[in-house]
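Below are two complexes that have subunit A in common, paired first with subunit B and then with subunit C.
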Partner chain A sequence: MDTDDEFMSNVSSEDDMLPDDSDNDLSGDEDFGFDDEPDHYIIDSQKDGAEKRKAAYDISFKVYQPADVQKQQNDLIDEVNMILDISKEEAAILLRHFRWNKERLIEDYMDRPGKVLDAAGLSRSSAGPPKMQVIPDFMCDICCEDEPGLESFALKCGHRYCVHCYRHYLAQKIRGEGEAARIQCPSEGCNLIIDARSLDILVTPDLTERYHELLHRTYVEDKETLKWCPAPDCQNAIECAVKKKDLDKVVPTVTCLCGHRFCFGCILNDHQPAPCELVKRWLKKCADDSETANWISANTKECPKCNSTIEKNGGCNHMTCRKCKHEFCWMCMGLWSEHGTSWYNCNRYEEKSGTDARDAQARSRISLERYLHYYNRYANHEQSARLDKDIYHKTEKKMVQLQKESGMSWIEVQYLNSASQALQTCRQTLMWTYAFAFYLARNNLTEIFEDNQKDLEMAVEALSEMFERPITELADPKLKVEIMDKTSYCNKRRVILLDDTAQNLAEGMRTRISFWSVRMANK
Partner chain B sequence: MPAQFAAKRLGKELQKISNSLPPGIELVSANNLEEWLLDIQVLDNNPLYQNEKYRLKFRFGSSYPIEPPEVIFVKVPDRPIPMHPHIYSNGIICLDLLGTGWSPVQNVESVCMSLQSMLTGNTKDERPPGDEEFVRANRLRPKDIEFYYHDNDV
Partner chain C sequence: MATQNKRIAKEFSDCTSSPPAGIKVTLADDSDLHKWHVVLEGPDNSPYTGGKFGVVIKLPLDYPFRPPVVTFATRIYHPNITNDDQGNICLDLLKNENWKPSTKIHGILEAVRNLLAEPLPDDPLEARIADEYRSDRKEFDKNAKAYVQRYAKGPLKFTTPGSSSEGTSEKKGGAAAVGAPGPGPSSSSSGGGA
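Our next item is the complex of A and B:
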């Protein structure tokens, strides 16, 4: 990808308020088609154009269904087959070998065809098409079988085994290890790849389907711009041209046709506005120490000298640290030598040594508390987001009930559905704003960020409260209007927050303003 | 229970190694087609392994020889676990031949010979790094352990 750098410099110089000229020809985005257009300002093709301007957090992507993926592969194979004048099977193997980078394949092949063929396991020899043969006096090295009439098979490398063993070997590779495109000759140290034609005659019918499915998958797995939708049972693939190195300034959230929203960068559920790296760090941090930190914060103090964590389980205030032998008072954390014999009462709160020790302890406590502040809010929204699944089902029931009781039509109760949807997406966003905020350096921009966060949060809680009201009240036309207003307000606040954050992320990277310069202390 | 496929091959292998084995390799027992014991010793004068025999236990799954056998050193009187930076003190061997580097063309004899040469070529009187921890904590079968074959990796 030699246009990367040029593309990067364009991103930084473009303004963010480009008018929507709806010329998002996505097919052109595939490789080099978007040199003149920064990708994250292109409006999301999956949305219906209702938004008049390009939101900074939107990213262009395209969803492919299984048939589309198959067609793309076939088209590429046909193309290479024509240009290089090699068989389709060989074209397919070469393409897989080059991870579907057609340009590189053609270039390399033109330069040194022999080397390319060798590397891909397609050594040229005059032998005809692969076939099973019966060779006199043949003994299979795998099963030691040598009965006459034994059918055997060998690739161009000449390592010959009986067909039975070959099939056993392939079954193990295909079914057991999930390999397909790069199965090698069974011989030790032979790297020759078994080509598609040979596999076609060797693979037994019960494996063909699995084999083709695996082949089909390698296409998506090999291409950097393609990823499978991670939702269970979803077979679609998504194409998105975001570059790995851009993941610190864009959060490429994509939506599959199945409705699943996920981040193209890390495959986790949508985590806007936090960039992938922060998400990874945050999740790791939460997995490590959130609960432990809670407990420590509530039950222990640190030795003022060596910072060992100490739990006091009884006894007087005279503490002697087991590790460093420092003697101090549990109450005021000051030196014990200043206390004399007052073992159970400490009235020396104002002493200098005690204040210093308490300060140091307070600092470490503050960093814990700071984390817990964000974690609790994050966890709260995470849990609410989980409960939203229930809410969604409840909503459906509510809507039916409402139709019966108030005589409203189906279309008239859809506002509850939109409210539920809005609640879910907004909570998802809110959740990640807290993880994000934990890593933000404090400045004017973070204050704007927190204001946006507060606005969205208040709107969401208000909507959530309305949404929970009993059916009888929901039927009230006045409340209905309120809910509809609140729903659209929530959605608007979310867009504003994401848009603003995405702009700052992109810009911060450009001008090196530390909008989200990660606080390294908070690893 | 080995499948018919494995049984046939093991039968042939057994027939062959009962008749003759390379020097330094002895068949101890092969009462069934699931588990065999063999002794190996080094043939040169590598001081680390002089005058010692080491016992190997082979276990064959139903997919043998498509899948590798499980091979470990076992400790019995007169048969210690050899000192080697790729052999843990519980007898588990870190050798790519027995994992990702397996080929169905390999057999019991060739595995024994590879282990023989692995010992012969070694000069370090040491266990793999983290041996103690691994031996204490490991509950996995050798085939389920993800070894990192750093010495052989390109």
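Our next item is the complex of A and C:
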């Protein structure tokens, strides 16, 4: 992963093709062996990348590191601080109150400053900077201590408590409840918010970091165009302008600097080409149905008359449906009455009633079988991606070994890395094409989609097979070229599939011909 | 610990020397300031009038930085109090995020008693009772009074679930008897108050 950092720092979504690009750069010859490829969409190398047509699935986004996020906040605070002539602390509180909508804040404040300040918990009585004080005869209302020399603190509202209680209160809020931007004065009924400067005085050093982190987070959480990268331990935020209402026609896939690829719409892992709504339904369906469907498929039959699902719980073939009282034979599904005296012994396979019943049964099982068809392929790619990943971890060792045994340099063995990454991304895409296909409406677009899917799948399986060869074979220059070819081909097939699908999605929404339909699949 | 006890001791003496109207406070156990027993008289002008309700207040170890836990030990028919032997209360100022360390138990007790006088059906724990309170006040009053007759007239018990098996089983038996609306309360009133 970390080897990608230099590539990934390019903040546009063209990162999509980077495994491919890096491969090309290393080989120095990107289009060998592809003369027979349709040339309507060939990925150009990086040098003229700026001019290439923007792929339909491409969306623009930006990755911000923690310092960038901080700077944005500071800039906004400075701006409001200058325009409205209020302190930075107050500007920060107001901005947080308005969920960082600067325009609305300024507009409202110009209209009715008093109301805005009250609502944000900023009282207007002016006083000096906040400080801790020792006041004679003071008794803290929280702990009821009144010893002389007790240090106390109060906000502008004048509700005074001892510093010990104040700190305990803040620790409880910050550590216990994860609150930072909207901590109120400890006094009952007082909604004055504790400003940053007061907090800086009061918050003990062990909490400062946590407190600033929480403040920092509210900025991203409050803004609709910003989201945190969900990868564990990643602190970056991503900005993307895709609106929630457009999620039915775009799949906003973004790549963080840490290498994690995810959907900006739903924060799940990359699920191109399937739209978020479809993904949500599919995952729910899988969670609800898959095991059940498999079990039903293996262990039950349906009553030939009323289609109730029936599990055979005794040895006898004479079935009586609990629901409709229909009597039939479990073996041939035909009427029991036609069995005459040959009880417990069904040899009547050719009889008409039995054939008809079995046909009806088969028809009613079609939708179940259809679902299982897609589900099993989806699950298979998911599993294969995991297995490929295991192999990837071994690849690093392989690469070192190759360097030793064949005298190749570090850069010369990078093709294995590229191949492994191509396998990961392509399988991720393939997995979702099956979920997508389950919901696809049947028309000529489906055929193109399925052809694309087939091409990609064949290429991926071929690459996967080469990738698993023993180290001695991998050192063979001929296989190396083959793997590089296949890697590049896989990436291209994936881009073509995504591009076609994204275009159809956008188009379908525009022309109101549904490319996919949830209703259809629900029946 | 010492400072907390100072606050709690002060609050307890405030609540015993000048208790809120209709409320009597004692310690569950003289050596433990963290568990209070409260006897709450049903407010006038409410269906709960004439009833005596046992309320248990448990103060967490880091009180007053966390809110106390207040539960009804006596069963009560009310939109904001669970209709079971847990007797949980939904009161805004007792929620973690709304709790302020300067809030006093004195004020909480007043708020709880006020909740009996004026239920908040828009923020219910018992949606069915809240609906009834809104749409059929007569029926609600009748049911609430029946509960008072059945549970809030006899000697008070402060047993909370788990603390005494006898107490819980007695309460569960009661719940089953009242389950049927209409004739339930009147027919079972003889078996109730024990």
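Operating definition for what follows: the second predicted complex is superposed on the first by the 388 of 523 C-alpha atoms of A that agree within 3 Å, B and C clash if a C-alpha of one lies under 4 Å from a C-alpha of the other, contacts with A are read in each partner's own complex, and residues count from 1 in each chain.
Quick note on the criterion: contacts are C-beta pairs under 8 Å (C-beta built on N, C-alpha and C of every residue); 3 or more make two chains touch, one makes a residue touch a chain.
What you are looking at is a predicted structure, and each value in this text was computed from that prediction instead of being measured.
**Q** Examine A:Q172 and indicate which partner it touches, taking first as subunit B and second as subunit C; both and neither are also allowed.
**A** Both partners, subunit B and subunit C.
**Q** Would you check which partner chain A:P186 touches, where first means subunit B only, second means subunit C only, and both and neither mean what they say?
**A** A:P186 sits against subunit B and subunit C alike.
**Q** When the two structures are overlaid on chain A, which partner does A:C143 contact: first (subunit B), second (subunit C), both, or neither?
**A** both
**Q** Tell me which partner A:L423 touches in the superposition: subunit B (first), subunit C (second), both or neither.
**A** After superposing on A, A:L423 lies clear of both subunit B and subunit C.
**Q** Just subunit B (first), just subunit C (second), both, or neither: which does A:V460 touch?
**A** neither
**Q** Tell me the contact category for A:I483 with respect to subunit B and subunit C: first, second, both or neither.
**A** A:I483: touches no partner chain.
**Q** After superposition on the shared chain, which partner residues are touched by A:A435: those of subunit B (first), subunit C (second), both, or neither?
**A** Touch partners of A:A435: none, neither subunit B nor subunit C.
**Q** Figure out whether A:L474 sits in contact with subunit B (first) or subunit C (second), or with both, or with neither.
**A** A:L474 sits against neither subunit B nor subunit C.
**Q** Take the contacts of subunit A with subunit B and those with subunit C, and give the residues found in both.
**A** On subunit A, the residues that contact subunit B in one structure and subunit C in the other are 141-145, 159, 161, 164-165, 168-169, 172, 186-189.
**Q** Where on subunit A is subunit C touching in the complex?
**A** Listed in rising order, the residues are 141-145, 159, 161, 164-165, 168-169, 172, 177, 179, 184, 186-190.
**Q** Please name which positions on subunit B make contact with subunit A in the complex.
**A** Contact set of subunit B toward subunit A: 5, 8-9, 12-13, 63, 65-67, 101, 103-106.
**Q** Write out the stretch or stretches of subunit C touching subunit A in their complex.
**A** Within the complex, subunit C touches subunit A at residues 3-4, 6-7, 10, 62, 64-66, 93, 96-97, 100-103, 107.
**Q** So in the complex, the part of subunit A that touches subunit B is made up of which residues?
**A** That would be residues 141-145, 159, 161, 164-165, 168-169, 172, 176, 186-189 of subunit A.
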